[in-house]
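The first chain written gets the first letter, and so on, giving A, B, C and D; residue counts start at 1 in each chain.
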Amino acid sequence: MKTYREVARVVYAPQSSDPFTFKHYDPEAVVLGKPMKEHLRFAMSYWHTIGGAGTDMFGGDTMDKKFGATDPLAIYKAKADFAFGLMDKLQLEYYCFHDADIAPEGKTFRESLGYFETMVDYLAALQKKHRKKLLWNTANNFSDKKFMAGAATSPNADVFAIAAAKVKAGLDAAKRLGAAGYVFWGGREGYDTLLNTDMGFELDNLARFLQMAVDYKRKIGFTGLFYIEPKPKEPTKHQYDFDAATCMNFLRKYHLETEFKLNIEANHATLAGHTFQHELRTAAINGAFGSIDANQGDLFLGWDTDQFPTNVYDTTLCMLEVLKAGGFTSGGLNFDAKARRQSNTFEDILLSYIAGMDAFALGLRMAVRLIEDGRIEDFVRHRYASYRSGIGAQIVAGTTDFDALFKHALTLQDVEVESGRQEYLETIFNEIMFGK
Amino acid sequence: MKTYREVARVVYAPQSSDPFTFKHYDPEAVVLGKPMKEHLRFAMSYWHTIGGAGTDMFGGDTMDKKFGATDPLAIYKAKADFAFGLMDKLQLEYYCFHDADIAPEGKTFRESLGYFETMVDYLAALQKKHRKKLLWNTANNFSDKKFMAGAATSPNADVFAIAAAKVKAGLDAAKRLGAAGYVFWGGREGYDTLLNTDMGFELDNLARFLQMAVDYKRKIGFTGLFYIEPKPKEPTKHQYDFDAATCMNFLRKYHLETEFKLNIEANHATLAGHTFQHELRTAAINGAFGSIDANQGDLFLGWDTDQFPTNVYDTTLCMLEVLKAGGFTSGGLNFDAKARRQSNTFEDILLSYIAGMDAFALGLRMAVRLIEDGRIEDFVRHRYASYRSGIGAQIVAGTTDFDALFKHALTLQDVEVESGRQEYLETIFNEIMFGK
Amino acid sequence: MKTYREVARVVYAPQSSDPFTFKHYDPEAVVLGKPMKEHLRFAMSYWHTIGGAGTDMFGGDTMDKKFGATDPLAIYKAKADFAFGLMDKLQLEYYCFHDADIAPEGKTFRESLGYFETMVDYLAALQKKHRKKLLWNTANNFSDKKFMAGAATSPNADVFAIAAAKVKAGLDAAKRLGAAGYVFWGGREGYDTLLNTDMGFELDNLARFLQMAVDYKRKIGFTGLFYIEPKPKEPTKHQYDFDAATCMNFLRKYHLETEFKLNIEANHATLAGHTFQHELRTAAINGAFGSIDANQGDLFLGWDTDQFPTNVYDTTLCMLEVLKAGGFTSGGLNFDAKARRQSNTFEDILLSYIAGMDAFALGLRMAVRLIEDGRIEDFVRHRYASYRSGIGAQIVAGTTDFDALFKHALTLQDVEVESGRQEYLETIFNEIMFGK
Amino acid sequence: MKTYREVARVVYAPQSSDPFTFKHYDPEAVVLGKPMKEHLRFAMSYWHTIGGAGTDMFGGDTMDKKFGATDPLAIYKAKADFAFGLMDKLQLEYYCFHDADIAPEGKTFRESLGYFETMVDYLAALQKKHRKKLLWNTANNFSDKKFMAGAATSPNADVFAIAAAKVKAGLDAAKRLGAAGYVFWGGREGYDTLLNTDMGFELDNLARFLQMAVDYKRKIGFTGLFYIEPKPKEPTKHQYDFDAATCMNFLRKYHLETEFKLNIEANHATLAGHTFQHELRTAAINGAFGSIDANQGDLFLGWDTDQFPTNVYDTTLCMLEVLKAGGFTSGGLNFDAKARRQSNTFEDILLSYIAGMDAFALGLRMAVRLIEDGRIEDFVRHRYASYRSGIGAQIVAGTTDFDALFKHALTLQDVEVESGRQEYLETIFNEIMFGK
């Protein structure tokens, strides 16, 4: 097997036996009228890929990602250089980051801000040099001790202020770097016990915070999309942004629903007790389909495992929802995934991204086949046919009422509902996936 | 142990060794200014208590609740007689039912309707005789084969019509019986697989259905409250009324939020991955606290076990939320609970209700003690003190913005957030529960 | 789509557009030296297929499987005729049943026994006529009211006796019908609450029961294998046969481990928090790999959904374990699966079996490809290479001890463990599944 | 509230309003014939209490436990001084530790060993000075990178050797410090994916390792008990010591069952899908009840939360099992619990231990009351009465067989199993807990 350095560029080579090639992702191949790369809008995410070192709650680092540097700022510059080199190798056009991913923490907010701004300049130069774009950035308002009880929902008003200041700096950076969006992930906005929590007040504060972000965005003329990222639990017992429906209720309650789309993460969906597909469908139905954090969880484990996505059933259903929702506009598909703790070499980083990118490329191809096959969509259309004439059409048109429906019901004898045919539809799905 | 017949009336007798007495529920005892029975508004529910026979997915009946009758209508009259006798014994003032609980099913909707109306008259007479009130009624639009794919969300418009007709009949009955409310529990409004489901269309139909119900309510002048009852799964894989937040998002989306409150069930809360307390708090925060289905689930099991509530931690936290929300108005506390399949005697019905009523009475007493003790509430009030002056007060008043907060943040050195003291608060809770 | 009657025989026709054909299951096709049908040994199971009517905890039947008969015995004969006709259509050579599946329940044990023996004769004739074989039979010692607290673990000794009598009759039938095995599924051997349960005593009784079954098997000369079927919960809160490891501990404790193999069910595995593959591996490691109940659960639901298996990742990993364990001897692969409640036509029965049989046939083909590809197996072999020489070989040979290892450890500098390469292995797996 | 320093000693003062007093734990109070402290044998555990800093997967430290020291060895000496001071304040007589908890890690095993031996001497002196005893010690064979794929089950033989060497050193220390036991917790003995794992080989190696530990124990004359600590998952996807039954199967398979008892942890029990009580009962039934890690999980979260135990239902059922099993011999009750991340003051450490110790003291008192009350035990004894005469007695005596039971069954008419009375028993339980 080649070493990381020996891999110049991962290319589409479906018949190659070289593990460092794509078997399904052909960036320029056109499907349904546009290149795969535009359908998928893959992004590298800094969080695990550049920052992660294999640590877990029971053990320390298994990888060193300091690249030989020792000075804090030098370390982060080396990380950035590595990040852009990695994107080149993997043909990734987009990336995304938390503020704390790209720059060292200072002793005060002022000092941290200085580092951050330095690094934003550094990234701007790299973007230009490597022709990369920022899909979105966000603020890490959860790792530092002062955020232990939340940021916008902290019981401490100074913490709220620092959180706001960090988001302000993040929005300034987003504008400077031409980001296509900005993400709000809840972090520790939630509670560990209701015994010490005024949940109503905290949610009001969260809305105040987001409204100020919207105002500031307008003020500086940042035109990227705002995303909320649902997650049900971890690190807190209850995260306020539990799932897509919970986020939409929050946004509607505070009249913010036109200002935010959702960034759906596969592993967060499953932790909330939903399939990934369900959350994407919910977002779309609520007019809030935005962007995707691509990974997979382990349904036998109760925490965020953030595994690189390799289950092609899941990637296919995901891409089917994306295509049905009209595809990405400003959003994209970033890998909020980490190589397993034991996959602790730089080669594993490449192999993990290849695993995920190929799984999604395959999912895209399968979704296209499903649509072109048409059997499943036809089945669904036929299933609701009774709403396209007679009493059904009146229901949809709003031209009937309980009295009229009551009269209609009295005329009915045996009503037979057609079989749902789940097993047959799953067989068609397998046929598409595995060929006849 | 006495037999069912030998128990004339279950009375408050805290020192008695008779199992058929209340140890904590003293209906007329005044706490926080009103009698316990008004705080708790206990209701018998027909569904399990009068209809259930101990069946589960792996076995048949373990109890016979036909009371010696054989003719269908006679069976349901005998059930009604038993129900009101049971309420008398247990000092229950309220009851609630599904349409299918109180009357036999006919071969056509018309025939079923006839039975239903006969039985509504019969219940009206019993209500008067026994001085009982109807807390709410509802429609069983899920058990019959024709509802296999939903009712208001069925792909078959005739099924929608029959569902509407049944709710119309139910609302007529609610008015006739002076019901304090009417409940909409989702039944099979949901999906088993997205492969065969147009979720967006189904939700639109659900909203159309509820709007028609609101219109009909107005038309006939029914003044009881409407409740949606959240449940995440079972019988379907995904129930559209997943949890309180999901229901509120749905209601807000379709501008129905002023027409419905929520009926929170403990076991449905836990199946959704939430504590009972969380769902009650969420309802209250959204202005939708309404009524309660009191039971408990088994957190080691993944289905609705509907056990009689006996965990006093849970009943205490529930009653604390109820008191904080201002107490019940039209709603109440009904036992959507079933005696275990092995608790298959009529004595067990009494013992189960006593278990549940005493657990909630104790919960009420404990909640009052918590409020009167004041330490936990003081802790919470103190915790958010920084929002009552300075920058915090400006945040709450909406008189600051990101620029101002940024300037404030630059002035801050070490920000120390106070300890959350969870363990200490739990110790106080135990002190209240178990005495020092 | 054809009707059930119009489908004479489901044949392998990979290019056909007829849904009533196999796309992957070619019974006589030879892979790894034997026909697919011998690798898979598919069996129809009576329980859901012939007995199930679509009922669930929230609703009644959606299918009628009485075939126009009204007399109890006539109904069961019609069911048997249907069953063998179905096996013919689907090219199934094996079947399996509970005693209560094949014959009506009488008012007394004596009467039930009479029906049972009549039906055993009837099945014997059908077996001969249709050239079918019995994979295994078992006793339904859980549905009737008297089994509400268990059978061999009932607190009532008469119930133990009836359970024993039913198993005796079942073993007699197994011998008469030439069954390849006999299954012990726990039913209600478990508890709902430890408050009323002497778990130690109940387990002793279970062991006594199984020992008597072994003695009786010897006495009558029944030579089929005995299987225990693990399940963790449902219908009871805790089933004593929780998972494969728990069953093996029980068998070892009571010195029964040489008398029983395990019948592993996919959905029971997942309810226990294990993958299907894990349970198969555990059985094999403990020398207890026996037979398989093929279905799939829904990992988002907490009860036994018994879905027809369609996930090809799972069927592939299953067949990989089967092949590694040397393949089935007396065991086989029966479908303890039910068509969804909404899949309520006879055509759905065919479509569901086709879904499951093709998914497993595909799984077998994929497993063969994985083995022939060899990359994953090579990786694993290489990974443990350090145990084939030096200190590693001494560890395996048992020729070292803590003192020697301590001395060895003192000589070591940096010990580098190789990457686990999970993502790369998953990519190879996808390559095998989906081609390059 | 007092500061940590101001609390000299936490004493039993049930009427005090000082939070730094015990309300239920009265060490010398005699119940059931021995002092509470001998029933409970409380131990401080180093792992979280002395080592933990509030870190989680999403954030860094919230507490500093270096006590002003900077030199590695000085830090660990300061930690030890603090630990013994804490034990004095809390009246704790026992403690327990991992090797890595008490001493800094060196660059090589040799260097680490030097630190470890120095610190063992230091602890020996502190034990003598403070009159404390070591309940058990153990090895941290999971945190360091080299253990990323396991220790005794590592694919790398050198890692096996280092693990063995560390346990050897630990056993030497156990003997030197007079430990009452030595614990084997699985750490990373398990797998993340079966794709790269030879599970059978790894389990064989684990058995070889434990056999060598037994041999070494004999050789040096260490007379403390050996414990295995079950845990189902985390850090690995599957931990080999899944639960009590799995551990016992492993021990029996390798003929080690007489050499090991179990150390049951509450939170590990619940992660495995069992109640804490179930795991204790399983241990007792298998003759393996040994020691307890006292904490509580959050049943809504899927990871090891290790909360200080405050649920008195759980502590009562735990102590009931302990009393029924005859009480602790060499084992005890250590707090493998951590104050919440937000409970980040030294006062919280005291408050957390007080919470846990009082909850268990209350549990002990409640369990005694349950036993003295006798109603539940009587109910259970009566429930199995049919096994004390007639056919039941023959079953127990082993003097009957299937033929005889069959004859007996044929004589039976209606067999009525008595009600399981779960709700009534729960009411009795609440009566004991909360008084009438």
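Descriptive notes on the structure:
Throughout what follows, contacts are C-beta pairs under 8 Å (C-beta built on N, C-alpha and C of every residue); 3 or more make two chains touch, one makes a residue touch a chain.
A quick note: this is a predicted structure, and the numbers were derived from the prediction, not measured.
Shared contact partners of chain C and chain D comprise A, B.
For the pair chain B and chain C, the distance between C-alpha centroids works out to 40 Å. Chain A and chain B have Cα centroids lying 36 Å from one another. Looking at chain D, residues 145, 148-149, 192-193, 233, 273-275, 300, 340, 342, 344, 417, 420-422, 426, 429 sit in touch with two or more other chains. Under the stated contact rule, the graph of chain-to-chain touches is complete, every pair of chains being in contact.
Residues of chain A touching chain C in their complex: 14-16, 19, 23-24, 270, 273-275, 299-300, 308, 310-313, 339-340, 342-345, 347-348, 351-352, 354-356, 358-359, 362, 417, 419-424, 426-427, 429-431, 433-434, 436. Taken in their complex, chain B has these residues touching chain C: 54, 56-62, 142-145, 147-149, 187-188, 192-193, 233-235, 237, 271, 298, 300-304, 340-342, 344. In the complex of the two chains, the chain C residues touching chain D come out as 108-110, 113, 145-146, 148-149, 154-162, 164-169, 171, 192-201, 203-205, 208, 212-213, 215-216, 232-233, 238, 242-243, 245-246, 248-250, 252-253, 272-275, 277-278, 281-282, 284-286, 317, 376, 379-380, 383-384, 386-387, 390-392, 395-396, 398, 400-403, 405-406, 408-410, 412-413, 415-418, 420-422, 425-426, 429.
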